[in-house]
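There are structures below to look over.
What follows is a pair of complexes built around chain A, which joins chain B in one and chain C in the other.
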Partner chain A sequence: MRKIIYLAVITVSAFILVQSCKKSAGSDDNGTGDKGSSFDRKAMLTNMSTNMIIPAYTAYQATTVTLDAAVTAFNAAPDLAKLSTLQNAFQAAYKQWQSTSIYDFGPAGDVGLRVNTNTYPTDVNQINANVNSGTYNPLLLANLSAKGLPALDYLLFGTGADNTAVLAQYTSDSKAANRKTYLASLTAEMKTNASTVLNAWNGAYKNTFINATGTDVGSSTGQLINQIVYDYETLKNYQVGVPAGVQSMGNTFPQKVEAYYSKISAQLVLLHLQALQNVYLGKDGSGLDDYLVQANAKYNGGSLNDAIKNQFTVAIAKVQTLTDPLSAQITSNPAAVTAVYTELQKLTVLLKTDMTSSLGILITYGDNDGD
Partner chain B sequence: MGATVMEQSYSRFNKQTHIAPLAVLRIAFGSIMLVSTIRFLLKGWVYAFYIKPKFHFTFYGFDWIKPLGAFGMYTLFALLIIAAILIIVGLFYRIASITFFLCFTYVELIDKTTYLNHYYFISVMAFLMIWVPAQRYFSLDVVRKPQLLVTQVPLWTTGIFKFQLVLVYFFAGISKLTYDWLIAAIPLKIWLPANSQLPIIGGLLTQQWPAYLFSWAGMLFDLLIGFLLLSRKTRKPAYLLVIIFHLATGLFFKIGMFPYIMICVTVIFFPPETHIRIIDFLRRVLFRSTNSTLKTEAVYQLSAYKPKLVFTVLIIHFAIQILLPLRYLLYPGNLYWTEEGYRFSWRVMLMEKGGTAFFHVKDPATGKQTEIINSAYLTGFQERQMATQPDMILQYAHFLAQEYFQKGIKNPIVTADSYVTLNGSGSRLYIDNTVNLAKEQETFAHKKWILPFKQTE
Partner chain C sequence: MPVLSVLILSHKIKLISNDMKKSFTAIILSSAVLLFTAGCKKSDTPTPEEPTPVYTVPTTYNFANANFADATTRLGMVTEISNLMKNALTGTFDGAKAKAMLTNTNAPFATAAYNTSGIQLNDQFSAAYKIDVLSAIDSLSKVNAVASTTASRGVAGVAASSANAASKYALTSLGVNYAQVFNKGLMGGLITYQIATTMNAAANQTIDNTTLVNGSTALEHAWDLAFGYWGVPIDFPTNKVGAKLWGSYSTQVDDGFKANKILMDAFLKGRAAISAKDKPTIVAQANIILTTMERLTGAAALQEVKEAKESINDNILRNSRVSELYGFVNSIKYNPKRVTTDAQITAMLALFPKSFYDLTLTDVNTIRDAVAKQYNFEDVKDIL
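Now for the complex of A and B:
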């Protein structure tokens, strides 16, 4: 017995000598300053819900109400002025959506707000089939790409070469009545979904959110961060990468951009990226930036928060070089769009890998034990 | 002299002891396996890990292990449940323990994405269970065939489990003797504050000192607990420590059944009298029987040919157990970074590592290149595991080369931009993104295309 212990002690000492020499970076400069006070996740969640999430849903719900009312007015007596009003209401909703899509958990997750609102590219054949048959089942999986903002984008901008031609689809066309009904079902559905989510947040869910202060997958911080990363990746991939041909051997798909028919794609990318930056910063209150500072997160010797803030600035500057119609830019100068994608890619790594790893938050859309 | 030492240890090995610890271990192991398997099913993991994925990361040399489809996989899990129940009650024990070991190990070999040290531990335990006569006491096999009953077994039958457990803890302890773990208290400095919402202790976890306390306590626990459990004097407090330590880690980290498995199997360290009392207790509770343990003495004898076979198998097993965790010494570079020689070494919860990998496939004929949407081929879980493990990156690259070859591209060039952060280092390029991975072969040799881990860039 004694021999075993001696042997163990000798082995252990040898290993300490050998292994203590090796170290990983980041570990050596973590001792700076005693971070006695903890990061208050509850305060961050309170700030997020009060100053970002609920205002986003409130504003978005309001745009869907306006949009639905504009459809009602237009359907009652379609003319060019009302079409224009409706188109403006649509664009306002699409712009507000860019700062609303991020929070697809809790009530929004329950109604599938993101996929029901913004699945694109829209399926023109499916839309036309629905219009022709005069039937529309919102629960049908195939109708995911025949509803929401992308479907309206087509119906309000893509059904004719100009507004006069579009208007004709709602007046003289043989399926005009069906088309109006379809329009009305789509905006009504959007309004219902937006209201359901907003009501939940104004009701009990806000407290649920604020009080789930853990960091596991089901916690609010976990869900928020997972959704920020996910939403950011949809921006990078679907608003920019896929249409620019990054994932298809350089074959571009200009028609796959978001808001292809209304031609506001580049504006939307910028709004979306700025919205994500805003969430990261928690606007002026407690956000993920403060959380990373508190955790003393490092990035190659410097502060991770600085690296992320900097990359947001760089990426936003790059996105500002995109021009509308984005589809035209992709056709004429795909390299410029790919360059934007490359800059966006760098931010993916910082958010998805560095941020989550520094905070001990598991990025997962699945589930498993660790060991 | 050599001969006498051999003889001494051989006779000590064969010294007789009561069989009760084996019977208790059989029941404990079977029960915890039954619970684990049912839990695995209820979580929907059979589907998520073995049916849904289109591609699996097989182990080197085990490419022939394939998932069996939905029906096959659920059958496999049904077999595991039946085998676990048979192990508990000790019915058709040999077949049941062999079935359990084979089915469990098969499942684990399908995809290294799900590799966990504690699954490996279960395979090892299940393997050892095959070689001992754990069914020959307090079992249905004995009811079925009373002549099977024995009360005395050679010491080695329980000794192998104790030795295995000492190895597991000791190697886990040695692996904690690093600068990061002891001096920088990382990754616990990252992980503990993430638990600050816990009542009472939550506030403490955001301070620096608990990370140091838990790092050092964890290291000392792992290094010493095996020996403390072996020694009669320290056994009881040591077992209390086992319970406290494992429950605490279970509270802080998402490690599933592992704490309960360890708490169950370490019971083997207690002397036969304790186990006899446990069995008497079970008899009273289950059968309202006041019969104490049978007084008959029946000695377990391996038939003539068997000792050689069993001892050969066990000697090979333990030689592997001792050498495997040390194989990392043969590889250059930072072990946590390269993960060459990392698995099967009881390196548990040692690092905070995360990564994102972007793969590109290039057609050498046209020069055109494409980025891969990983989610088209991998589940989120697979993608996350793959991004930080070079052998998985290589396997996936080979899969992509095959995929694009079938799409009509001759000799596709596959490269990977993988960014990995280790213990809060900040992400940096992990593997050489100019290397055509389609041309690299998997071997046990060092992978030269893993970029060295530098302190700062």
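Now for the complex of A and C:
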């Protein structure tokens, strides 16, 4: 009712303004316009949540349950077989994470799922300080770089030259008990966070998501696109660019790759990029591709959707030239890795600039380049 | 009285949602244009004593007798001090020189014109900031002395962002970047203090608007200086080149709070009204600027919350951004016409952990929510 009154006031005011005074350029027209407005965003959001987001969280949560159980079993009686099982569980979780990290809004945003799960490079000094002191406060932001998958990567693969040496850290080492406790804290936290987010999506949040059908900053489409582009930039910059030295004038940082110790970095980049492509396409259902087609978005005279799809294909082919260990490839052939980065960068422009402007979506995150 | 109805609307604005607010802002601005634009024939019942003066409000700050050179010079001095503070990253920060720059003593500036300008920063500061600025410089000097040490929890020194090794920050043992505390304090203790003081005097009509000195009245000149302190080009926000300090921040928060337009419109209308001796309009615009400057500080704080979150897993960069956040909240106390009470400022500052290394996500969200509530930004708290 109040809305109707306000609307009436606005309408009447606008009418009076137009009638009475030609110089009334005072109204604040900041609208980017709702482009492609006939597109059924609710159908897209329904497809995304039902066929992509919830399945991703379901699968990821299951890997954290397996991982946590593997830690429990390992801690009870550490041996090489259980270490191997645990390492496999870790790798399965890391692989599944590549198609789960994308949706860091809503429930995931509330718990800070992305930064709690995958802050890398991990801080070995902080991990060792936590292990040595036997105290660990998971709430401190200062511990973000000492937890999650990257910390496990170090603890399970990087604490010794081979599995026998790693195992010794959990058996004969003077801090073995502390290290086991720390391991258990980390996987328990991951399981809790994954379960919290999954439960929220299986509960009320899915409906909230599907029904916030606008394109403004708080809308589901706005948040989804922001996070897709952000997550894509994370891939481009941190999984590839920064280790290959693109931000440091060719000075490489091979140890900054994701999954440095377990040496599955290149595999993860590919899985991540394929996952992003899948989200863009909405798998087999309504996705951003359909949205751009509906909005009749153009790029260099052709279809923007075609340009993006093509660049995904080109970039994936390039990423397939990366080899594990990626850190070794960066050291031996950095040019090959920066060539991958170049193709990834082209896709950034298409997604971040062309796609968002075609759909009237505002990018709300800043570039993380300091002041 | 049309002006009265505008004021009632702007009061009412606080009770309604943000989307509505945008519309109402539009109405207010449009109504204002209606009232003040020459050639609007449909005027309301004429006020018997004082007929509404007829004049044109320009779209840029190009008033013939405008002069805000002194404010521009002072902002330039601020830039030199901020640049000097970067030396703390290499242990070469000269605190005595920074203090000499405050009082323009012994030709401390690289820009020769500043040295011979005959003006200084220090006599423009709020009384409280005059004291606090010295301790901010001293605190930075202490970190400067240990610049070769890598900053970490409990250890003062210099450290790099984990995301970008080229971005370095000088932090105290508690993680505080005093170059930022200085910078944000100055935005409150110099700029907001000056603008608020002038706007309060304009609203109370205590500045002479009759006698011409160097081609303008005292009120015209004071208003010009206030505009100059904002730090934007005269054709802002169409042109944003060179916008600095508050001019930069009003742009950074523009997604959620249209301070650029609100302030520019008010500065233009108010200045035109001053020359036309249109007192009710002068008062109305001065009040808009007063209210907006205080909310802008809250918006800037929320912008820093957002930046801190964007660097949440980067201990050094996050601490620097939290220092900016702290600096903004702390700077509110320098605004002489603030609505925020001392107790409210204290309560917000108490939400920060003693060591910024002890910050949690809950802390960040609690600070965000407290600031958003204080300045009525709850609907846009995550996008400012």
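Criterion: the second predicted complex is superposed on the first by the 328 of 371 C-alpha atoms of A that agree within 3 Å, B and C clash if a C-alpha of one lies under 4 Å from a C-alpha of the other, contacts with A are read in each partner's own complex, and residues count from 1 in each chain.
What we mean here is this: a residue touches a chain if its C-beta (ideal position, glycine included) is under 8 Å from a C-beta of that chain, and two chains touch if they have at least 3 such contacts.
Worth saying up front: this structure is predicted, and the values here are computed from it rather than measured.
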#### Entry: First, second, both or neither for A:172, with chain B first and chain C second
neither
### Task
Would you sort A:38 into first (chain B), second (chain C), both or neither based on which partner it touches?
first
### Query
If you stack the two complexes on chain A, which partner ends up touching A:298: first (chain B), second (chain C), both, or neither?
first
### Message
Applying the document's definition of touch, where does A:144 land relative to chain B and chain C: first, second, both, or neither?
### Response
second
### Task
Determine, for the superposed model, which of the two partners chain B and chain C contacts more residues of chain A.
B
### Query
Looking at the overlay, does A:112 come into contact with chain B only (first), chain C only (second), both, or neither?
second
### Query
Between chain B (first) and chain C (second), which does A:352 come into contact with in this model arrangement: first, second, both, or neither?
first
### Message
In the overlaid three-chain picture, which partner chain does A:361 touch, first (chain B) or second (chain C), both, or neither?
### Response
first
### Query
For chain A, which residues belong to both interfaces, chain B and chain C?
16, 19-28, 30, 247-248, 362, 364-366, 368-371
### Task
Please name which positions on chain C make contact with chain A in the complex.
16, 20, 22-23, 25-27, 29-34, 37, 39-42, 153, 161-167, 255, 258, 261, 265, 306-307, 310-315, 317-318, 320, 357-362, 364, 380, 382-383
### Task
Mind listing the chain A positions that touch chain C in their complex?
6, 9-10, 13-14, 16-17, 19-28, 30, 112, 115, 119, 121, 139-142, 144-145, 217-218, 242, 247-248, 362, 364-366, 368-371
### Message
Quick check: in the complex, which residue numbers of chain B touch chain A?
### Response
43, 45, 48-49, 114, 116-118, 170, 173-174, 177-180, 182-184, 186-187, 189-191, 193-197, 203, 205-208, 223, 227, 230-231, 253-258, 334, 336-337, 348-349, 351-356, 358, 363, 368-373, 379-381, 384, 387, 419-428, 453-457
### Complex contacts: residues of chain A adjacent to chain B
1, 4-5, 8, 11-12, 15-16, 19-28, 30-31, 34-39, 41, 213-216, 219, 237, 241, 246-250, 295, 297-301, 304, 307, 345, 348-350, 352-354, 356-371
